[in-house]
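Can you keep this structure in mind? I'll have questions shortly.
Note that the chains are named A, B, C and D in the order they appear, and that numbering of residues resets to 1 at the start of each chain.
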Amino acid sequence: MEVQRQTNLETFSSKDLEKALQRIKKSIWVFHLNTGSCNGCDIEILDVLTPWFDVERFGIKLVASPRHADVVLLTGPITIKTLPRLVKALRAVPRPRLVLAIGSCAVGGNIWFNSYATLGGFPNIIDKLDELGIIIDKVVYVPGCPARPEAIIYGVAVMLNLIKQKSHYKKVKT
Amino acid sequence: MESLSTSSEFENLYSYLKRFSDRLVEEEDNLRIVVESEKLREVAEVLSKTEGVFLRTIAASDERSVNGFYKMYYVFGIDKIHRNIVIEVPVDSSDPVVPSITDIVKAADWYEKEAHDLMGIKFSGRTLYKFVLPDDWPDNVYPLRKDYTVQDLVKLYRPEIVTKAKEVEAEAAIIIPIGPYHPALHEPEYFELYVRGEKVVDARYVGFMVHRGIEKLAESMKYDQVPFLAERICGICGFVHSCSYCQAVEKALKIPIPERAEYIRSIVLEIERIHSHLLWLGVAFHLLGYDTGFMHIWRIREQVMILAELLTGSRKTYGLNIIGGVRRDIDRDKAKKCLQVLDNIEKEFKNFVDAAINVPQIKSRLRRTGLLPKSEATSLSLVGPTVRGSGIPRDIRKDYPYAAYKYIDFKPVVRSECDNMARTEVRIYEIFQSIELVKNFLDRIPEGDIAVDSWEPEPYKFGIGAVEAPRGEVIHIVITGRYSPYRWRARAPTYQNLPAIPIMLRDIELADAPITIASIDPCFSCTDRALIIDISSNNVKSVPLNILSLKSSKLFR
Amino acid sequence: MVKFVKVIPIATKVGTVTIKYPYAKPLVTDSFRGAIEVNPSKCTGCGACTRICPPKALSMSIEGETAILRYFIGRCIFCGMCADVCPEKAIKITKEFELASEQVFDLYVDVEHEVVTCKRCGSKFVTSRLLNKVEQKLEEFPKELLYLCPRCRRIEMLSKQTYLR
Amino acid sequence: MNLSTLISIPISILLYIFLPPLLDGVERKVKADIQSRIGPPTILQTWYDILKLISKEVVLSMNPRYVVLTLSLSLTMLISLAVTISYSISLLNLDMYIVITVLILLLAIHSLYLILYIFSSNPFSIVGTFRIATIDILNEAGLVAFAILTAVSISISRASPKDYLLLTIALTALAIAVYVSQRRLPYDLHEAEPELASGAIIEFSGAVLGFYTYSHLLERYILASIPMIFIAYVMSNMLRLNPVTATLMVHVLASLIYMLYAVISALIGRSRVNLAVKTINLIYFLAIAIWLGVYILWNP
């Protein structure tokens, strides 16, 4: 059997995208993708599902297949061995395709940003994904080592425009 | 304490070793002996036949700049008398070949593979292929050799993202891209399970997804930066790694650390164990479909996380250790708060786990599944709750006392049923034991400094640091350098325990595979700093069904 | 046998524990380490923090007429070592964790310093603040040497010694 | 056909169509409560999920024609099932033909699902499909047997205590069979998340998943209402209920038992195929044995 895409860019217009993005605000299904992280962020992701933080109150649900997902929770510095799998998984996510890059590793490569075995974070491959025709509709970066549960919730809120982001490039002169 | 030369039980072993090589040094807790590579197999055979001797770790080191050859360090431990036997084998630099000892010491398998990949050591008697590194890694480039710096390696090899992705496209038509991501294993690792109907007939680990090149990175970092790197080996039990790194350096350089710092380390280690075991238990319930249990266990665990943040400044990856002590003190308020929280957890946990463990499905699926016989556990030198669930009381806190465990008496929790339930119970009772230990430590903690003022590095000293992590023994070997460690070898418990999985999986139901894999509490980010498994497939005719399982310590996700 | 039903009374007793963040206060304790803040009026640009930073999230570079101390929050591991080593106590650990951003660019903080040009070769080698500081501390140090880059300083000193001899 | 019958049929059909996702919303709230957390923001959450899925892109690795055909067929059949049941409640007429029609439709829907799953080539969904087939074969036999047993208990009833006991036994067994058919814990083996990712439904996405979810919830609710039809029938015969009251009573009772199921499934873990087969066999055998025992041995 071959992979068939029922819809593609022609049928999935910007209007559809707009509508889908609106609807995602009320129901966000997330898929957790570990690309070689230390597990710190991963357990914090599980933690936001549990009673103290309980993100189900925003309509967020963790799903087991990328085909069901709206948002990919990406952790880890993207090791070379996980790269092909990462591309596969991202391709399987139907559009609109959102990515929440969680933790210092996914944002800036953390302590391994210059290791021979990693690619040093999601920003380094985003252009290549474009080249491959995998369009990422929106990315939000959540720093933290590990990103604490509140920071992840805050990231989701920024992604859905519920809150205006606080971080801005700052340049101070002495 | 007895030393090897004075122990009556191991007298014969000592005189044998002494006859073997005149280059034999007895240190405070190690017996170091230089053995020529031709004689290695003979020594290994004797050691493996001696009862009570376990293989702890093997490290390869590039010492060409110091003495002109590579060196292999084989660390065997005798739990009973708290001593290590370190066998040092110099390896010729022009033709680095060592005889393989895997057929004698089963547990050596992965270490040899890793040394082959990362250091370019060849093992006579077996053929090895690339395991740890990507398939298209250039030949004859061995990252851990001193010929390359981290920057060189990055220049030498960068993956072609676009080409790689296109290859993936070609093969991906049938198997859907859930790749190594599976809901039970929250890490990108995978096992191939060969199943017939619903029965698992064989399993193969295909991993090394999380190899991040940590040991090489450390060589470019300063002594005081490495604890932070070590801590990021694993986000669940990171503190044990920074702790054993610091202990290894402290041992190598003979830095005496203040008693108060030892107590603080032990307290945080136990708190980490509580959090890690609770996490495991929650995930185990989730794997058995009991989500209510998962939620409640994690609710109880959250208090530990808040406590950890209060004591150390971070919920995970505490950043507390530096060489010579710790960075933060536990003052009286914090100690009081700590006791309160622990009391509360103990009460809530006791109540809840009593109900949860009685859920019919949990009981019936944990009992008599994932059997790991005692004999297999011994021959693989397994560690942690995995081996304690099979009736062997190995516990580094007791066998090689470190930090404040020297000052306190306790008994390791042991169960002898050998099944998943036994391992679960070991963890449950260890939570209570840890709470007890923290209370004890807080009670006895002496006043004083929390870190030494200063210390001087001295090159080419050898030190071993071992800590009982929630998953088993973590052991770090450090050979010191001038500004940063010359060679740092970290070995995580999962590394030692993973070879047990195929044994436990054989002939069980597919449905029980995730919980069985989880029952060793695998932590692949620890393990994969470097490693891989290869289980030679047996002759069972099998229907290969690539079940990509794995994700977590959360398990198969 | 039906012990597992005990979960219901336990749940009833506990009630709902959820914290309504972001509409309520987060669970941050006093000792939490968040993003750092560099106080530009105290920072001298000595670079001690960039040398200890394990992930090299702090870096120092000279661009044009200014030296830039760059803090990349996206790589920071929030260990607080920089604050420990800063000789001026210019780095403060805040409790800030709400750092999410849509652009990586927004995660940079730059502190710009004036640089001193070497009187002899014209290369830029140190921030003027640090130089002033050194000047105050080492009053006896010959002024003409102070404004030379390390290389030129060595040459100057050697030539002086030759001359003296 | 009088006016109240005419009103009650559309009411009942509308309830069948709109209620299931709402009940799922309530179920999620209840579960959250048992787990000491807040849960979804409103009980409309499941509706939002379905609407969102429908507006998403569809990525399928199987031929979409088969999937869409099977899925729409099963939805159509579910709705006709809802119509049939609504019709029979408002007529307060429960002959064997209706019971059999309902059962046949149900079995047909189950087979359609199996066909739907089998289109996926993923190893997880293959394992999932085999599991569900195993459970279905066993359980459908139970479902049919107990539905008929209940109908028989009603038809032989002469309102003696013995007859009520027989009816209760049959109804309880039917309720258990319904629970298993609903594919709840511990028998949701086909999509056991930790073992099989989402098992049989792993390859669905977008609208396909949306419609599948909806039809699955609809099926669950229809199943939950089946034992209630029998109860409503008995009650209305005793109390002379009018069709509107009877309809409402069925839906209220169905919603209640749905919630009871939800609570039970929150309290237990997942079974294993071989274990499940054993347990189900044992329970069904016992139920039939007890019913027969009471029928034969109790002679007042």
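One rule holds in what follows: contacts are C-beta pairs under 8 Å (C-beta built on N, C-alpha and C of every residue); 3 or more make two chains touch, one makes a residue touch a chain.
Because the structure is a prediction, the values reported are computed rather than measured.
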(request) Using the contact definition stated above, find the chains touching both chain C and chain D. (result) A, B
(request) Count the C-beta pairs in contact for B-C and for A-B, then report the pair with the higher count. (result) A-B
(request) Report, in whole Å, the distance between the mean C-alpha point of chain B and the mean C-alpha point of chain C. (result) 34
(request) Find the geometric centre of each of chain A and chain C from their Cα atoms only, then give the gap between the two centres in Å, rounded to an integer. (result) 28
(request) Starting from the mean Cα coordinates of chain A and chain D, work out the distance between those two points in Å. (result) 37
(request) Spell out, as numbers or ranges, the residues of chain D touching 2 or more other chains. (result) 34-38, 61, 121, 193, 197, 202-203, 267-268
(message) If a residue has to touch 2 or more other chains to count, which residues of chain A qualify?
(response) 1-3, 50-52, 54, 57, 64-65, 67, 92, 110-111, 145, 148
(request) Send over the residues of chain B in touch with two or more other chains. (result) 173-174, 176, 178, 182-183, 228-229, 232, 292-293, 295-296, 299, 302, 317, 359-360, 557
(request) In the complex, go through chain D and note every residue touching chain B. (result) 31, 34-37, 61, 120-124, 126-127, 130-131, 185-186, 188-189, 192-195, 197, 202-203, 266-275
(message) Looking at the complex, which residues from chain B come into contact with chain D?
(response) 173-176, 178, 182-184, 195, 198, 285-293, 295-296, 299, 359-362, 364-365, 509-514, 545-547, 549, 555-557
(request) Enumerate the contact residues on chain A facing chain D in the complex. (result) 1-7, 12, 16, 19-20, 23-24, 26-27, 29, 50-51, 54, 56-59, 61, 63-65, 67-68, 70, 92-96
(request) Give every residue of chain B touching chain A within the complex, in rising order. (result) 133-134, 143, 150-151, 153-154, 156-157, 159, 161-162, 164-169, 172-174, 176-183, 186-188, 208-214, 216-217, 228-229, 232-236, 238, 279, 282-283, 294-296, 298-299, 302, 305, 315-317, 523, 525, 551-554, 557
(message) Under the stated contact criterion, what part of chain A meets chain B in this complex?
(response) 1-3, 32-44, 46-47, 50-52, 64-67, 76-77, 79-85, 87-89, 91-92, 110-112, 114-119, 125, 128, 131-132, 145-146, 148
